[in-house]
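Okay, so chain A shows up in both of these, paired with chain B first and chain C after.
Let's turn to the complex of A and B:
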């Protein structure tokens, strides 16, 4: 039985990200108050965006969006010395993978999750779900701000 | 026993008979062998006896010759006489034994032909005839200790002349007897060979019969197995046998793994498997039910209705994408000799059915909700409802904007939560007065989310995720109602756009409906009275008060002031309480709106207790407050005189909303109350 989205269905993603930052950088990311994106998600798009698309019991997507500077800092904290676009994209991909794994554990096998993909800057291909506004959860880390955009609705 | 015999002489009759014959033949051969060994013994004895006849005849002749020589030489004759006597006795003994043996007729004439025996008897008779003249001469000789030489000479003559013949006859007898024995032996060998051949044939018969039958049986079994496998391979339901030890049987349908989404191995503990598959409660109910089914006294037909494993939901972690999420199990008792030896378990995938049922129920509920929504809205002016919805949407967008822009500091979060609580409470009241019960419920649920956050000074951003979710739910509810209202407005053909002829009366009628609904929900009896002048148009300030403050105060009057009918009667009041709304207008344009109820009044002492009990103030602080200050705390957010919240009161936001509304309008609020008599809220709004 599919249910309307519950707070814990959103929290699972913010927890996954904070856990990632804690584990990989040893420093906590501060989750700010979540809000609804009312006028399209374009303003959220940072330099690097990792998207996982979900279908099955719930449909929609979860996107992690972060500026280059934040990711560079994360790479530095992880002891990396190469700061190419690919390495930045790898981090976003890894976070998207973490989100995907956590989603699968939380929602069970009834959910089909596509492999994470990277959205280019400005690419607005986030699938829109009518009647449900996406949730934005901003995360502060070392003065930078990344965003998690969760847009999920019970599947057809 | 009868069954055993029937089966012995039924299906396996041929086999049993063949084995019986085999045993008989075997026993026959053994009997012949025993008989033959005895015959060989007897034959040897007879041949031996015939040989003795020859030996003793010669010994006698020799003895006689020795006697004659002894007599002639004048030597002692005792030794030779003894030899003669011994030979004569020995011959007689052998002869008698042989006669006796040959006199007995053959037990098996086939083995020992009668003719041969008679021939042997004749030969023995001729031996005896040759012997008797010798014996007659020897007889007197040996009884005389001192025989005369003549007698001896006669005897010698007889013996010598007959010796050769006697020897020949004894040899003939011996040969005949040997021939008899040989013939007998070869006959017996032949019989043995035939019997063994028969036994061998019989064995071969048994073997071929048995192998043939085994092969036929194997073919039948293989065909049956193939059929069973085809059935189990193609049947869509999961089938398996549950043994009395609650383990899974060896034969199971192939669909079982697909239905369970995992393998159920033969011999597996079914109850443990079920425990992993579904909730503990379901698994325990199933254990009890299966125990009942294995009770031989329990009839299956009586137990079917008790089956707990009908449309059970599988645990989320056990599901795969393609596996079912709802299963139904059927159990059929398998009885043998009155005992329940196993259960045939049939598993059905009912996911589709349950899903459709849920969808249907959801659709029905939505339809019911939409009808209720429509009916609720039809009682009111669609224009006012649309106006409310538009404002509500704007308000929620403001909340959302605040969520988006608030700085992540500890202090603003609790303040924002209180602000949101007041706004949502106000929306709830307005929605209720306008018959938008679904919005009112969503707002109430929103308040439930906010309640545990209030009073917390350690709020972090992630604590507010539920707030965003509740905001989304309330917003989508408003969007839904807006769609209905638009349809209603469209249906009304735009007539509703015209302002109502009596806006104040219209608002008060709406408030009265709301008051009666709240009273009904709280099992109270209320009479609503209004004393207002007729106004052609509503001043904006009054419209705002009627929209936001009055519903809150009327609701408070019923929830907190008016007592339950029984309590009112106990206090000597009529069972029906009174809520009265009055509006007066002064010359300078000042409006005074009074909401009066004849309920229990405000109890300052009770309020003091509540403030201490809920740790809103310390006992010392409460003691320092004047009565007026204690009553003023009612207008603080989060203070309520009720022990627990229900949909109409108890969160302590109502008066805070009123205070905020009046503050925005620059109005004043006064309270006048007497215990067990009345409470009166008086709002004064000066003209702008």
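Let's turn to the complex of A and C:
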């Protein structure tokens, strides 16, 4: 399997995470070094996983995976007062969408982004769309742990 | 657009969190009184709602199911050429913003946005 993303490609997503938390919560997330998931599928272990499928000049996916408590706290910071499963599913998808959209500054409009969808419990791992190994970007915020999993390759 | 008229506004976004957030900010003290004419979760719903409610202002997401924001702008501007549309989207490349403006949008705000950024963008639109 290939892993063709360059460090500057990954940095775009790390910067997008930092920008999102600073802008929407006023508080900085601790975005740690990205690592390649070399063995086995990209298993998601968090309560909510928002997936964006990528097409166009690139193929792959971007998935934001977070525990309920982190998302509840983000909802609170954004002024929400309702904390149902639907709202958590909505915000995890919106975060995945916002991070992917910001990456178009770097990748250009050829990075086509589908509306977000929620990975349910039946889907234990990310679909390997791109044929590339995925990268995980772990982050900490308010003591919660989450991650962004990116798999991306030039399109067909 | 005069600040003395009561304006109506439609909010279009597939995220309920974003629709609610924009509606809360619009209802706050910074802007002149604006009636929320409707909320739409996709482009098709937005076109239908725009025909019925004929809003003065629209905030418009781009990445949406059924009908995307760009197509939605084209259709709405066709029958409501005076309506001011503020695109509120995560799509951060310049080409997308330029295309939206060419299709009839009056402004573009990138997600994620602060409360102040949204209010400033709306104030610019209604000035």
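Operating definition for what follows: the second predicted complex is superposed on the first by the 140 of 156 C-alpha atoms of A that agree within 3 Å, B and C clash if a C-alpha of one lies under 4 Å from a C-alpha of the other, contacts with A are read in each partner's own complex, and residues count from 1 in each chain.
Following the convention adopted for this analysis, contacts are C-beta pairs under 8 Å (C-beta built on N, C-alpha and C of every residue); 3 or more make two chains touch, one makes a residue touch a chain.
Since we're looking at a predicted model, the values are computed, not measured.
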Handout entry: Clash or fit (per the criteria above) of chain B with chain C on chain A
Key = fit
Problem - Touched partner set for A:34, first chain B, second chain C, both or neither - result: first
Practice task
Check whether A:69 is in contact with chain B, with chain C, with both or with neither, and answer first, second, both or neither.
Solution key: neither
Problem - Touching partner for A:24 - first (chain B), second (chain C), both, neither - result: second
Exercise for the section: Could you look at A:6 and tell me whether it touches chain B, chain C, both or neither (first, second, both, neither)? Expected result: first
Exercise for the section: Figure out whether A:118 sits in contact with chain B (first) or chain C (second), or with both, or with neither. Expected result: neither
Exercise for the section: Pick one for A:14: touches chain B only (first), chain C only (second), both, or neither. Expected result: first
Practice task
Give one of first, second, both or neither to describe whether A:108 is in contact with chain B, with chain C, with both, or with none.
Solution key: both
Exercise for the section: Between the centres of chain B and chain C, viewed from chain A's Cα centre, what angle do you get? Round it to the nearest 10 degrees, please. Expected result: 60
Problem - Gap in Å between nearest CA atoms once chain C and chain B share a frame through chain A - result: 5
Fill in the blank from the handout: Note: overlapping chain A surface for chain B and chain C spans 107-109
Problem - Interfacial residue positions of chain A with respect to chain C in the complex - result: 19-20, 23-24, 75, 78-80, 86-87, 90-91, 93-94, 97-105, 107-109, 113-115
Handout entry: Interfacial residue positions of chain A with respect to chain B in the complex
Key = 1, 4-7, 10-11, 14-15, 18, 30-36, 38, 56, 107-112, 131-133, 135-138, 140
Practice task
Write out the stretch or stretches of chain B touching chain A in their complex.
Solution key: 313, 316-317, 319-321, 323, 325, 354-355, 358, 397, 400-401, 403-404, 406, 408, 413, 416, 449, 460-462, 464-473, 475-476, 479
Problem - In the complex, chain C residues that touch chain A - result: 14-18, 20-21, 24, 63-65, 89-93, 95-96, 110-114
